[in-house]
Amino acid sequence: MTEPLVSLDKVEKRFDDFVAVREANLEIGAGEFIAIMGPSGCGKTTTLRMLAGLDAPTSGEIRIAGKLMNEVAAHERDTPMVWQSLALFPFLNARENVEFGLKMRGIDSDEREKRAMNWLDRMEIAEFAERNVETLSGGQRQRVALARALVTEPKLLLLDEPLSALDAHLVIRMQGVLTKLQKELGITFVYVTHSQSEAFAMADRVVIMSKGEIAQVGTPREVYRAPRTRFVAEFVGRNNILPGSVTSSDADQVTVETGLGTFSVPGVATIGTKASIVVAGDMMQVGRGENSVDATVISEEFVGSIVTAFLEAADGTELKVQVQERALADLDLQPGSKVTLHWATQDGHLLLEET
Amino acid sequence: MTLFLRTWLCLVAGFIFLPIFVSMLFSFNEARFPTLPLTGFTTGWYEAIFSDPDFWRSAKNSLIVSTTTAVIATFLGFCTAYTDYRYSFRGKSLFLAIILLPPTIPLIIIALAMLAWFSRVGMSGQVVSIIAAHTVLTAPFAMAIIRLRLSQIDESLEAAAWNLGASEWRAMREVILPFCKPAILSSLFLTAAVSFDEFTVSWFVSGLNKTLPVHVLEIVQGTIDPQVNAIGTLVFGVSITLVVISQALIFFRLQKAST
Amino acid sequence: MRRLNLYALTFRLPIIIWQTLFFIGPLIFVVAMSFFVVRNFQMVETFEFDSWKRMLSRDFVWDAYVYTVLMAGSAAILASLIAFPAAYCLAFQTSARTRQIAILLLIIPFFTSYLVRTFSWYTILAEAGVLNGAVGLVGLGPYTLLNTYVGTLIGYLTLVMPLVLILQTVTMANIDDRLIQAARNLGCSPARTIWTVILPAGKTGFVIAALFAFILSFGDFVAPFYLGGSNPPTLPILIIDTTKAGQQWPRAAVVAVIMMVTLFVIAFSAIMYAYRKRASR
């Protein structure tokens, strides 16, 4: 990566005794779509607010385009934000909302109106320009909020769970609008969300946070296939986690003794290390193979054409397997039935316990 | 049971509104001493007060006092409401207490305290003394109305303004004040109405610069004079107008917010 | 926590300064003044107990004290009892819309001249007044109501009734309907429901309403003066007499301090009682 647009260097934020963000290091490149995700209270929104200058870091350095931002007030930055509540000004109409940022920069009213209308047009809501924002639909308000944030043509756009108030079908549509917009503008999006599907659908890289710390940064695929901590493994996707310890080690492969048996997995580790084998739910297959475990089906969950079966092994370990719905008929996955699951060794992922 | 309750409610309402009604009625009655049966219609009592220079002087004082009070009290109430909304700091409850406490202290005590204090600091008997006293009495109402409005604000709104390049002062002007405008107007009318009616403290601190209610008090102390009914009806008209405007502003706003 | 800046101070300092000058200052001064003395018609700022000794040793002060507390207490209880059925009706037997309008109407007298309303009562209650004129038409009366404690009470009720009614109505309207329905379901009669559900559930509101009625009546001089004929005088009338007529401000200050302490004790106990969790039974 060349010169990053945004860099966080050992950034920490405390509110009295509470540490909201701890020792965060992160570099975001120009034109990247980054999603920061994690459960509520993990520090993702605080991180975003520090980028906007709404919270000041307790220690560490935040740089944007190489410039140290710690002491720069919120209104002196050009880091517009799309808010979870949208935060449209209720006493202004749609056009005046979009013009707000330009007005604050002292741009004259003709120019303001031209640029605001241009953006409303681009967001396909020019016809509502003079409407009170409170009379607009959720999707239209969303577009006003985007236009308002983008009208100053920033290099960096911050988005704080902007789609959380929308209906499911609108979310998918707005995701399309956002990714298209980001590619066209070529600017950096930092997108905070608790929704894995939103993050994975749009982001180039995702940042997973837990209890104020950055747990892992990587492409959606990396995070999904190779979680670095148990938290990440549990947080993303339907992963099977088999804890145990390393009993032997080859050049690029180790064996781990777990409660369900001893299995091989690619990776490097010293003998005796505590480690888990992580197998993604969609890599698990029904039947006998390279690495097999027996389990009892507890329940099933249908999401679209994918069925997730939840099973329990003899020692109580919870297992998940995802299969296509049309393949379901051939498999006996009724609750109560006993089945054998297997996975290919190279599909397993070695997860070393944090020390 | 229901019938009994309804009747009771009407009786209580009757008790509350009877004196207002009687006062209006007898402001147009000829007899010097108001009693039944009515003796005849007259506007004489109104003519009497309109030709009384004392009435005009005190009415003018009242107008000055209530408008100035309204502006200052609303400013103080706004500052408190905004501070309460925006900040948390040590000693905040004490801070709120010093503005919210006055209505719980009897007016007669405040009146005595103000009288003594103002003469001690050389401010006695002036119109500004009445204004200072009335701002203390009415600021809590302003605070309550504006705080209620601020509790309806989306908390991100002010931060959104900063985020778009507004300094704190600019955000105050462009976002907080426009948002609070109906409550501020409502507060102006309400505090003016309260100040316009207040007589205990005014009576103690006004000296020669008496307000209209003090003028009424002085008439009442003398004799039975239906002029009081006429003034009362006039003052009632003014107060009602102010209160109705104030209430309408809140009501209208709440209705709008709930749709 | 944010650092204090000019902006934040702009919204804090004016209030602190203003309220110190015109509220805290006067209140502290009135306490201090109770220890001043008057010599040769001049108030001397010292620290002596003359006024306290004088006022506390006089029977008429104690009589006025007892009378004022009793009258204000009666007004609070009477207003609460009289307002209750009306508030009950507004809270449970009218639509939300009617209730809203009723409350709006009830606010109106609260902001209209209490003085004029009292004068109006004076003309209504007088020996040759409206009421006696009315009952005289059917051959009754005249009744003496003015210059008695009845007159004072009517004045107090005029002052506090709208507020008590509003507070009680809001209190009862906010009681969870399911509680009442549950009680009725379990076979509680309406009267018992009031006793077992509404009163306990709305305790805080009822006590606060009564407390406000007490505070307002306790400090009012208009009703006992014009309708009660200062017969006997109440504490506020003592304050007026000693300030306006006698120029004995320190003595008035003593009465004011006594009133403040009394109010503080009563308000504190009432609030403790209102917010106390019910003891386990």
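When the chains are written out, they are named A, B and C in that same order, and each has its own residue count from 1.
Here is the rule we go by: a contact is a pair of C-beta atoms (placed from the backbone, for glycine too) under 8 Å apart; a residue touches a chain by one contact, two chains touch by 3 or more.
Just so you know, these numbers come straight off a predicted model, no measurement behind them.
**Q** What kind of graph do the touching chains make: line, ring, star, complete, other?
**A** Its topology is that of a line.
**Q** Based on the averaged CA atom positions, which chain is farthest from chain A?
**A** The most remote chain is C.
**Q** Report the inter-centroid distance (CA atoms only) between chain A and chain B in whole Å.
**A** A distance of 55 Å separates the two centres.
**Q** What's the distance between the Cα centroids of chain B and chain C, rounded to whole Å?
**A** 18
**Q** Please compute the C-alpha centroid of chain A, do the same for chain C, then give the distance between them in whole Å.
**A** Taking the mean C-alpha position of each chain, the two centres sit 60 Å apart.
**Q** Two-or-more-chain contact residues of chain C, please, as numbers and ranges.
**A** Answer for chain C, listing residues that touch two or more other chains: 1.
**Q** Could you tell me which residues belong to chain B and also touch two or more other chains?
**A** Those would be 168.
**Q** Considering only the defined contacts, which chain B positions touch chain C in the complex?
**A** 1-2, 4-6, 8-9, 11-13, 15-20, 22-23, 26, 33-37, 75-76, 79-80, 82-83, 86-89, 95, 98-99, 101-102, 104-110, 112-117, 120, 132-133, 135-136, 168-169, 190, 193-194, 197, 199-200, 204, 213, 216-217, 220, 224, 228-229, 231-232, 235-236, 239-240, 242-243, 247, 251
**Q** Can you list the chain C residues touching chain B in their complex?
**A** 1-2, 7-8, 10-12, 14-16, 18-27, 29-30, 33, 82-83, 85-86, 88-90, 93, 104-109, 111-124, 126, 128-130, 132-134, 136-137, 157-158, 161-162, 165, 190, 215-216, 218-221, 226, 236, 239-240, 243, 249, 252-253, 256, 259-260, 263, 267
**Q** Which residues of chain B touch chain A in the complex?
**A** 154-157, 159-168, 170-171, 174-175, 178-179, 181
**Q** Mind pulling up the chain A residues that touch chain B in the complex?
**A** Of all residues in chain A, those touching chain B are 52-54, 73-76, 78-81, 83-85, 87, 89-91, 100-101, 103-105, 148-149, 152.
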